[in-house]
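Chains: A, B, C, D, E, F and G, in written order; residue numbering restarts at 1 for each.
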Amino acid sequence: MFRNQYDNDISTWSPQGRLHQIEYALEAVKQGSASVGLRSDTHVVLLGLKRSSGELASHQQKLFRIDNHVGIAIAGLVSDARVLSNFMRTECMKSKMMYDRPMPGSRLVNLIGDKAQINTQNYGRRPYGVGLLVASYDEGTGPHLYECLPNANCLEYYAISIGAKSQSAKTYLEKFIKDFGAADVDTLIMHGLHALRETLQQDKELNINNCSIGIVGKGENWRTIEGEDLKKYLDQLETGAPTTETTEELPQGEAMDTE
Amino acid sequence: MFRNQYDNDISTWSPQGRLHQIEYALEAVKQGSASVGLRSDTHVVLLGLKRSSGELASHQQKLFRIDNHVGIAIAGLVSDARVLSNFMRTECMKSKMMYDRPMPGSRLVNLIGDKAQINTQNYGRRPYGVGLLVASYDEGTGPHLYECLPNANCLEYYAISIGAKSQSAKTYLEKFIKDFGAADVDTLIMHGLHALRETLQQDKELNINNCSIGIVGKGENWRTIEGEDLKKYLDQLETGAPTTETTEELPQGEAMDTE
Amino acid sequence: MFRNQYDNDISTWSPQGRLHQIEYALEAVKQGSASVGLRSDTHVVLLGLKRSSGELASHQQKLFRIDNHVGIAIAGLVSDARVLSNFMRTECMKSKMMYDRPMPGSRLVNLIGDKAQINTQNYGRRPYGVGLLVASYDEGTGPHLYECLPNANCLEYYAISIGAKSQSAKTYLEKFIKDFGAADVDTLIMHGLHALRETLQQDKELNINNCSIGIVGKGENWRTIEGEDLKKYLDQLETGAPTTETTEELPQGEAMDTE
Amino acid sequence: MFRNQYDNDISTWSPQGRLHQIEYALEAVKQGSASVGLRSDTHVVLLGLKRSSGELASHQQKLFRIDNHVGIAIAGLVSDARVLSNFMRTECMKSKMMYDRPMPGSRLVNLIGDKAQINTQNYGRRPYGVGLLVASYDEGTGPHLYECLPNANCLEYYAISIGAKSQSAKTYLEKFIKDFGAADVDTLIMHGLHALRETLQQDKELNINNCSIGIVGKGENWRTIEGEDLKKYLDQLETGAPTTETTEELPQGEAMDTE
Amino acid sequence: MFRNQYDNDISTWSPQGRLHQIEYALEAVKQGSASVGLRSDTHVVLLGLKRSSGELASHQQKLFRIDNHVGIAIAGLVSDARVLSNFMRTECMKSKMMYDRPMPGSRLVNLIGDKAQINTQNYGRRPYGVGLLVASYDEGTGPHLYECLPNANCLEYYAISIGAKSQSAKTYLEKFIKDFGAADVDTLIMHGLHALRETLQQDKELNINNCSIGIVGKGENWRTIEGEDLKKYLDQLETGAPTTETTEELPQGEAMDTE
Amino acid sequence: MFRNQYDNDISTWSPQGRLHQIEYALEAVKQGSASVGLRSDTHVVLLGLKRSSGELASHQQKLFRIDNHVGIAIAGLVSDARVLSNFMRTECMKSKMMYDRPMPGSRLVNLIGDKAQINTQNYGRRPYGVGLLVASYDEGTGPHLYECLPNANCLEYYAISIGAKSQSAKTYLEKFIKDFGAADVDTLIMHGLHALRETLQQDKELNINNCSIGIVGKGENWRTIEGEDLKKYLDQLETGAPTTETTEELPQGEAMDTE
Amino acid sequence: MFRNQYDNDISTWSPQGRLHQIEYALEAVKQGSASVGLRSDTHVVLLGLKRSSGELASHQQKLFRIDNHVGIAIAGLVSDARVLSNFMRTECMKSKMMYDRPMPGSRLVNLIGDKAQINTQNYGRRPYGVGLLVASYDEGTGPHLYECLPNANCLEYYAISIGAKSQSAKTYLEKFIKDFGAADVDTLIMHGLHALRETLQQDKELNINNCSIGIVGKGENWRTIEGEDLKKYLDQLETGAPTTETTEELPQGEAMDTE
């Protein structure tokens, strides 16, 4: 039986210079249902695919409000996400109290990175098991979209997706990325729904229960669209779906994502 | 002999991105006797199946009062439940003293989640071995029913069951969930008893000793019904029990629950 | 050679959701000599079987006074019992000093449970290796009898036994439990002695050296009966012992207890 | 090769409910040379067998003065004994300074038990490797003799022996225990020497170099008899030694002691 | 299966006097994309090769501003680099506040070394997984270029490269090192780009997206050249590239780098 | 391959009641070059055999001054000896400052024992790897000679030797021990040199470079004799050496020492 | 496969009384390039062999100034050396501030020994991986040369060498040691260079880049000779090199050094 002696402990390097525990935590993100983010020159839109927890539950939450100007979407361990979102809310409040101004998105994302890095260097901790998409609209610098991962990396993106089958969503986003900059919010949402649909299992469809949308942007605080309000977007989706061939052309894309 | 090298330590990820110790703690919940919760638009009812500790004992407690507006039902390690319920009582008292208002259920449940999450990320601790159903009636937002699990997830439900054979109870609840919203308390109780009965061993019956009921809702502080007071509900149960076929149709449901 | 990889550490769950170290500590209680407790509507009586430590020793102590209104009987590690009884005495004193009233039994037992639970959740500690029977007489609520075990469970009983062959004593107690409520102290004592006798080895008998009795109740502070004072009760025991067939009918009961 | 996986760590229970590390520490006591203690109604006498550390050394110390009214004899690790005797001296001094009265023997022995228990419950410590016989003469309650062992048990005895071949000494003591109560000090000493002689190797004899005697009692502070002063007792011993057959009758007794 | 028993723990020496965990961390640096640094008598230039994170992302950052007079380039774990650059920024600020002068580069580099060394000597930490090139321009001593590695070594260089295939860059730099001292900034940049090009995969080319340049020097605060501004340098590069034979002559050089 | 599972950890007892790590540390003492101590009624003399560290070094120090009235000789780890001698010097200074009198030798030796014992009971420490001979001359009680070992035992001796082949020295000392009490200092020294010579390898001789002598006694502060000053004693040694047969008679003595 | 179970942990003794981790750390010193030290009656000279880190680097530093009257040469881990030299500088500064006099070399060396010893006795630390030669010129006692090793030993020498092939240098030094006392500084330097040359690989030569010299002595603060200033000494070396046969006569000497 093969035994990897370097992968039990976050503070142990492998001979190849890898930290296996970080890589395993990234797997936890890939097992969460997908989230998608994309931005125009004025807005950021986040979308999340809600896994069914049966008829008995209210809907599982994929999007969280952090502040008026910040919202997040998650993929992975919900409890780790709650810890991080509580942390972000507290930091945003502190910024308001101490400096009388909203926390810039880049600063907030740096704080998450620092917090996550500690868990990658000290024996007895584990890396967080959740990935975050962070949407912010900052005075002066406008809309921003960041991805924060268990390896403590926080990168800025024009559009991105995390979670199960997120590679399919990314393929869609790359195809249409030129269109996002000048798009209005409704167009962004439709692109996001198309991308999110790519992450569905073969026989599933988006509906008013299994997805939610969050928006922040110029002159608009963070707000979410859920339930019946999704209907007008989903109805448009039904009619125009020429993008599904794309995933059929790229089965190896998904393979790459899970390897 | 197969040896899983990633499942001894709460701070170790498996290569598949799983935290096995959390999953094992969830097993502890499945081994406790079942609890059931369901809510109408005005009330929440919790029901617990008390395991016999023989004729010598007073009855084992499945329901606990936290505050006037909050009660819980448990499944799993009783001693862990006591620690968590002490914690909840203290937090509710603090809220009253500091803010002069009852702790909202959602806030309370978040605090439990944060406390439980710590035990899932630090070497040398173990996840709690108990699941909680939390019933609260909050000023303004009305009745709420939450499930809190060892993985630090706390979700809101319309109706839910935890513990041994809880899948059978859930099957019952899903069937009648449409009826709960407008139901009066007695109807909720009768549905709860029917669901609870589904979790019994083949040859067992509900009686005044092996179950207890807790209620909180509009204009009504948390109160429990036990012993002789249960009689009037159990008597109704005897007569009308057309739901037992359901479990016979679903042996694979139970299998799913324990796998 | 079979090796259980989940049972060395108190903070490790087995895949079946068990904490083996807690179960092993419960074994330590089963290896102590038996203690018996039973209560009427006005009194609680505890009885302990003292293992011979030879002719050279004063008698090994099985019963301990905690406060005027509280006494305990133990089974298992004597040194762990001493730590816990010191703790209980201190808590009772604190209660008197701070609130000017005796500590209620239920509160005291909760404190033991909390203290014991800590040792079941932190790496590097071990669960206590002792079971306690706690007898208290509280203003207002009257007599109480509790059992506190290494798993941090503390339950209230009408009558109970812990330690080696305690199942035989329980069988006796269940048979006569209906009689205890209205019994006077001497009758309680005689029932207790009968139950305790069931836990003896084949060829042993109760005598003034190997047992001791503790009583607390209405208008009566904790007091113990030992040595010559036991004679008048033991003499009655000799004459009437129709209960010994019971254990012969239930060899499988004992087997259950030790498995 | 048989490997016991439960005996390396003081905080690990075996499946049989045993703490092997405590049992192993008790072995260390059995490997020390023997000490004997016995008491009358007015005095306590301790005797120790000094192992030869060659002609070059002053005599190895087996008896230690703790306070005017307290002395001890040891068997096992000398360095652990020194730590414990320092602790006892400090506690006795504190008692005098704070309460202006000598520390009662029972209280002192309880403090040792508490200190020793901590080392039986925390990972990274080890149980003390020494047994103590504690002799005290207390105002009011008179003479006391206690045995304190690595398992943190502290019991009171009329007469007792610890260390190598102590079972043979106990056999002697049990035979004559009836005589001790009313005996004068010199008679106690002679009984003690007879008991101590039982622990010698086949071809060894007691002499003024290999034993020492300590006495505390009514009107008499702790004092020791060593060297030439032992002569008058040892001379009596030579003439009357009818007890040696006893050990020859009981080879299995010794076997029991070391198993 | 070969098992190295000395390489799991940063605080364990191998019999050959090696600390394997430090060597493994150095591997992490070799897996990052390359960075190049070189200096004249008046300026330091840093260049970094940005790995593509797809069309969706803004560019991955390889260069970081620390202070007006200090900038860095990195290779290895980005999250570790962020921790170290935050540390450096804080130290530079402290220097300004406390001594009212910029932190000298040599002092800053010493502080990094001290911080990194701690992680190489304490169990439970891991060495940082990132290499840094530090460029500073100090009052009085002029331009400095340092390399800081996970082994806590910080050396000064005239020109240096770290990361994947950095050996090829070093070979280029050694060839032209005589020319750097008197070179103007544009010449330094061109040499740096030539060196950086040596680290590319067979079929890749430098372009405005995959590289960035940082400059600090006499009369010039740290500034970076990225995107379109790179064009004028890259255009020159296209035309004159006689150095590519060098790497073909030295395949064993690369081999040395990764052994 | 035999594997002892009880000897890696200072806080683990073997089933036989042994602490192997202490025994292994005693081996370290046996590997140091020998030291010898002996005393008369007025003086103590210590002698040490200095291992050659080549012609390049000043002589390796075997004797250390602690205070005017205290000196030590060592065998084993020099660095551990330095820690302990620093400790002793500090304690002696404290005694002078606080009580205005020299620290009695017995008290000093007790402090060493306490300090050494801590390292024998706490996981993560190791026993000291050095043995000490402590010579003191105390007001009132006169000259004292103690041996302090890694097991935290500190015994008083008339004469003693530690280190490699110390058994041979002890054999000499036992033979002449009767003569030491009344001997003058020069006679003590000659006896000490004879004893020390017994510890030499077959073909080695004592000379002015490989031994040193320390003296403390009545009216004489600690002083050492080294180098040329040794000559007058070594010259006497040459002529009269009838004791060498002794070691030849006792090859098994040495064997005993190292087993 | 042979597995040494006693060599992973600095706090574990082997059955032979050895601390393997200390021995392994000494290996790290042997792998550093050599340093040489020698002293006359008035001066100390240190010489270090600088390993080439290529044409790109400034020279690797082997000698470090600690204070006006103290300098060191190192062999082994450079980062550990930096930590220790920072420590020494701080201690020297403290001495000046508190006592208004330079720290005596012997005191400084003792402080290093104490600091290093801590890392040899506590689990979770590792011994330093560097050897130091310390040169000091003290008021009153004149020039001193010390060697400090990872085993926390600090010895004084007339002349010494550490690092790779240092045995060859020692052989040279032993041959000429008689000449050093009265030598002037230039003669000391030439002897040092001859000794250092003995440590070179077969086909290497000393040059102005690969060695450096440090001097401290009577009336002369610590100063170093490097680069072009070395030329006049190296030129002399070329002409007179009759000592090279020595190493050819002693291949077994080197073997001894590395065993």
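By definition in this document, a residue touches a chain if its C-beta (ideal position, glycine included) is under 8 Å from a C-beta of that chain, and two chains touch if they have at least 3 such contacts.
Which chain is which protein? Per UniProt: A, B, C, D, E, F, G = Proteasome subunit alpha type.
This is a predicted model, so every value here is computed, not measured.
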item	value
For subunit A and subunit G, chains touching each	E
Between subunit F and subunit E, distance of the C-alpha-averaged centres to the nearest whole Å	57
Rounded Å distance between subunit A and subunit E, as computed from the means of their C-alpha atoms	31
Numbers and ranges of subunit D residues touching at least 2 other chains	3, 9-10, 123-124
Category of the chain touch graph - line, ring, star, complete, other	ring
Chain ring listed from subunit B, with subunit C in second place	B, C, D, F, G, E, A
Interface residues, subunit C side, partner subunit D - complex	1, 3, 7-10, 20-21, 24-31, 53-58, 60, 77-80, 82-83, 86, 119, 123-127, 129
Complex contacts: residues of subunit E adjacent to subunit G	3, 5-6, 9-19, 110, 113-114, 116-117, 120-124, 151-153, 155-160, 170, 173-174, 177
